[in-house]
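Common to both upcoming complexes is chain A, partnered first by chain B, then by chain C.
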Partner chain A sequence: MAPTHSGGGSRFREASSLGRFPVRCDRPPERRKPGIARTTTDAGSTPRGEGERAVILNTIQSRVRTSPAYRAIADQVRYRRQDVSGTVPKIPALPYLYISPFFVLFAVFLLFPTVYTLYLSFFNYLGASNEVLLTVDFVVFQLTIPQIANLQFVGLDHYTRLLFQDSLFHQALFNTSFIFLVQVPLMVVLGLATALVLDAKFIRAKSVFRTLIALPVATGLVAYSTIFLLLFNGDVGVINYALETIGLGRVPWLSDAWWARITLVIAVTWRWLGYNMIILLAGLQTVPEQLYEAAEVDGASRWQKFRFVTLPQLRPVLLFVVVSSTIGTFQIFAEPYVITGGGPSNATITIVQYIYNQAFLQLNLGYASAVSVALVILVSIMSIIQIRYGGAE
Partner chain B sequence: MATIDITKLRKEFGDEGEQIVAVEDLDLTIEDGEFMVFVGPSGCGKTTTLRCVAGLEDVSSGSIEFDGVDVTDQRARERNVAMVFQNYALYPHMTVRKNIGFPLRLSTKQSSDEIDERVEEIATLLGIESLLDDKPKELSGGQQQRVALGRAIIRDPEVFLMDEPLSNLDAKLRSVMRTELQELQQELDVTTAYVTHDQVEAMAMGDRIAILNEGRLQQVGDANEVYRSPTNEFVAGFIGSPSINLVTAEVDGDTLVGPGNFEYVLDDVSWVDGRSRVRVGVRPEDMHLVEDGAGSMPSEVTVVEHMGNENFLYARMGEVDLTARVPSKMRPPEGSRVRFDFDEEDLYLFDVDTQESVKTKTGETDVGYEQYVHNSV
Partner chain C sequence: MRRETRNDALWKFGSYIFLLTITALVLIPIYWMLVAATIPQSEFFSWPPRLLPGLHYLQNFQALQESVDFIRSIGNSLIIAVSYTALSLVLCSMAGFAFAKYEFRFKEPLFYAILATLVLPIQLLIIPLFLLITQIGWTNSYLAVILPWAANPLGIFLMRQNMKAIPDALLESARMDGATEFQLYYKIALPTMIPSLSALAIILFLNQWQAFLYPLIVLQEEKMFTIPIALAQLVGQQRVNFDQVMVATSLAIIPIFLMFIFLQQYFIKGILSGSVKQ
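So, the complex of A and B:
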């Protein structure tokens, strides 16, 4: 709606200015003008006939728009519109109606599943159910709400299980934490480094590099994971072939617990580096140039400028990158699912993958819900610590 | 502290093919301890010159020397200059204490205690000792300005550079800070280059004033000199507020004839020897209202601005607009016909083509205290 509106406005300005100086209509437009000229672009770059047609159209339009008859009608329309908007009744609740679609969708697809997950985590799931949960009598009709599942209340059993008994969950927690501890610092440092390089004045073809680095974000999760699976294949993968060629020997990328986790770290870093780099680059570009100049005059070296100007100025952006990477890493699923399958011997199974296994392979929906709740708590704690520590203001 | 020698300074911006010359062949010496003000309209190259002196811009050609040492290729951090920026450029994440102490922390081996002591000393000097633990965003414009000054002076720089430091302040604070800056500069006796677009500020503050236009130095001199003896029409027009009145006149024997029945008979015809046309300049403060029938500038009053202590009369003489400063008691109604006159010693004449000065003020500059007192009585 908005673009049409502003386009109309600028076209009108264009027309009226042409109307006042009719001489200008006879010449092709010298520079790019708003409104009509925008669609035909510069006369030089398009075929001549098109440019001339635009000028003729322009002239006709401006003649029409400046004619007394047109103006009289337009004024009448404007007055009517003012009258109408004055008589439209004010409905106090109307704004809420306008914003309600979001809340409806939010409630159905986010709020309900969240609350229901918490609810489920105290039950054992026994199977689907068609039984009626409750019936609401609206006199004219009856609304029956079905019981979604057959549930058996188990209290805090699931939580005690995941805390004290489930060694596979502990393994998943360890794996995820390992990936987090290696991957997040690596990605933040790399992201900052690439952003700094791309922000430097002497780099040419910045947009090309920027696009290339940011491109992986646009690739499909499964597609890129599959390619990594092929690249890092221990026997026929290109990576090992290259390593062998330069005399470094093969690395058991997917068959060794340690290297399998490293493979995941590399994959995730490859995909998300560009995203973080773009955010950090945007942050870097908001640092006022004068602060660097002031620091330069104050005697700061390059490193000191980075340390005392760039880093503090970038702090909120860095915090965002760290927190969002943390959340992202704790939710990692597709990469281990496709590349390692959680193996070798559960060395790379992640929490979300474990939830998936519990929920959809073993149909332990209750227990999977409990693990999900635990994950939310864990990520929340991490984020709160980071925000407390990293964002003093 | 340091004498600054600028020789044949040239600075171009832009890529090859489409170059903009910001500063062209600028020669200037700023004496040790001098307060030099660079003034000119926007885009005249004054800030670029200052940034070249600071080392924030590479020069295209020419050289800059501090006390005979060529610093042209040195970076800003190697030059021992301090700079106050227009928007202060305080480090937003640091307290006032850290901001002021920052240059010492970077460039000296002083201990933290020594630095703190020095910061407090400077803060007391500037009257901001109670703000030391605040962040810049909690401060008013004037306070930020003082912090920026503090950061500049703490290092005892050889050269002090200020880029329109007062232009973000309101009018009243600006005049207060103007005086403070001058006092501070005199106290520290540091060579200072100061950029402003405000000619009043330039006149009030500078030991000498360098007037630039379109990248070229027009004139260097003290306030009196540039006001009384401008080298060309541009300087005459730029210095003085309201601006000088300028009229193109034909020379007819000993008479200057211009638009709207302007006629002025010269006592000394030698000024216009061999000229058929000349640009005539009269400052608003030199125009007197005279009675009907007399005077050389018959005109019609268009607007009267009451300043309290005086009035500005805006009038039209033919197609030329005139401005006159007259005593506040004189308030002719708008639309009335008036006549102005001026003394020949206050007359400026400029060449029509080159715009160079032909004649500037010739009256005595210093009448002496006794005579002044005598005249006033």
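So, the complex of A and C:
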């Protein structure tokens, strides 16, 4: 994963002159000092799913292996030897002071909700409650924690219901899986093809193409969905208008179950193609040039170079793209909400949309929590399977 | 090296065709948004078809503003996104600095607790958050949208990664020159982190600017709507005036397009840290 770029001051020119992809242009040179220390320790110590993200982070960071980095490390070693470490604060409580605002919010708005969703999934929600759950007596003030909701314990009922009885949930699961099965392969193949073409030496105006293709990245989910609602609209949709004009006839995009699903697939692919292309392009640029040269010397064809050099080298990045797209498609909400409204007759309702309906339209908060937990478990399993199979050589 | 063959020329040609096709497919919806925003809806299908933008943007905007106070929504989105970004940057950089540059007890377990929540999807949080916000009485307030996501695990992760690059020697020499501990943070760490802070700021701003599911739950009054909720409300009506909706959509998208074109390197850094995705 050694950087093939010339480092140093040329990076800024590269960024501005529509040249190579400016992944490496985020920090001015004088600040790129000792990034090396984090590469091995962090990648090794993060959890498995994070490993893939760390790979990409590392590809960005690996470029700092230049002489200033080593000098900084040497500095560190020297200071350690003199026993004047910079990492020990004069005031021992200081680090806690720095992290405490973060952790207060973190505990209240992230850890607590996570645990509470799990808890809630075993209960029926009966309504709000103002009773006091417990009181903690800090000497200076009393912290009263109210009981958030009136709950009725139902055990595993919610889970058996969603597994065996709830046909609408099964429908949502089917719809989401369909979008996933069609959309992710389509997008990965298209994204890879686009990245490969953009990475080819002979293409001119690369950064213009790259910027244009990546533009959808800057559109909000609801905002772009409204455009697709207009494009595929049955009455005033310009796509049907165009199809009719060239003699192909109208397509019931939003009123037919299968076409509605396909509409969502098209919309999501449009939104995320450029995003994945950028990641794959960054991955392609870490493939050492020498490997291609060696393959060329051996007389490899274009396909062989792709199959035996590019693909194996790109494997971690591809895996990252597949896993994150999988997680993304299973969380689709804004698109069906805006474009199809979940219809026609629930043909495009997605899991998250179902959670939203259950929780906030019908106030079945307990059951919705159980669906959320099920979704997280499902997505985790899928990611683990993908990493298992995709990660093994 | 090999000589250029006919095969190669064909390959080049095919590559350009492919690239141009993809680019066109990407641009057509955006272009049609611009056209639709600048002509009255009645002219969408006049013959010959309107392919060029018209001059009806302001009229469409006025009609939009009459049906929903969209300027107010833009204001709401700006207030929420800017204050959220500022708050989150302070929190993440401070905590990130402590994790990168200090040794203290429970440092590792605390950091791994943060890392573990990086993978948690938003759906796992919204139901209790809704109950919590209702309980505190914060529904329909800016605070309800800003505060819960200010403690951003990804932000602290990126800050810590980048702040590790500050040499201890630099901090130590500052100490010897009489800098207080807090000055180490805001006079030394923060200025050297401006590029990383900018990238993180863009990520945070965009995530909040485009956030939909959570604001939809806690903001129910029309005067508190952010842009995405106002948009969803507009297209959720019985009869949708697409000319007005496209004006609203263009107002939501075009500033971000400009940001994207001029600050592309930060966007790309954000994408590569796996984070622009909501």
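One rule holds for everything that comes next: the second predicted complex is superposed on the first by the 286 of 393 C-alpha atoms of A that agree within 3 Å, B and C clash if a C-alpha of one lies under 4 Å from a C-alpha of the other, contacts with A are read in each partner's own complex, and residues count from 1 in each chain.
The rule is simple: contacts are C-beta pairs under 8 Å (C-beta built on N, C-alpha and C of every residue); 3 or more make two chains touch, one makes a residue touch a chain.
Worth saying up front: this structure is predicted, and the values here are computed from it rather than measured.
Of the two partner chains, neither chain B nor chain C is touched by A:Thr326. By the touch criterion stated above, A:Gln171 is placed in contact with neither chain B nor chain C.
Of the two partner chains placed around the shared chain by superposition, chain C is the only one that A:Ile213 touches, whereas chain B remains out of contact. When the two complexes are overlaid on their common chain A, residue A:Pro288 makes contact with chain B while staying clear of chain C. In the superposition on chain A, A:Val236 makes contact with chain C only, while chain B stays out of contact range.
In the superposed pair of complexes, A:Pro312 makes contact with chain B only, with no contact to chain C.
For chain A, the partner that touches more of its residues is C, with chain B and chain C as the two candidates. In the superposed model, A:Thr340 makes contact with neither chain B nor chain C. When the two complexes are laid over each other on chain A, chain A has residues 296 in contact with both chain B and chain C. Residues of chain C that touch chain A in their complex: 1-2, 11-12, 15-16, 18-19, 22-23, 25-27, 29-30, 32-33, 36, 41, 44-45, 49, 91-92, 94-95, 97-99, 101-104, 107, 110, 113-132, 134-135, 147-151, 153, 156, 161, 164-172, 175, 181, 185, 192, 195-196, 199, 206, 209-210, 212-213, 217, 227-229, 231-232, 234-236, 240, 242, 245-246, 248-249, 252-253, 256-257, 259-261, 264-269, 271-274, 276-278.
Chain A makes touch with chain B in their complex at residues 288, 290-291, 293-301, 304, 308-309, 312-313, 315. Contact residues of chain B toward chain A in the complex are 54-56, 75-77, 81-83, 85, 87, 89-94, 102-103, 106-107, 151, 155, 161.
Of all residues in chain A, only 15, 21-23, 25-28, 31-35, 37-38, 42, 46-47, 49-50, 53, 56-57, 60-61, 64, 72, 75-76, 78-79, 84-92, 94-96, 98-99, 101-103, 105-106, 108-114, 116-117, 120, 128, 146, 148-149, 190, 193-194, 197-198, 200, 202-203, 209, 211-224, 226-231, 233, 236, 238, 241, 245, 270, 273-275, 278-279, 282, 296, 302, 320, 324, 327-328, 331, 333-334, 337-338, 341, 352, 355-356, 359-360, 365, 368-369, 372-373, 375-376, 379 touch chain C in the complex they form.
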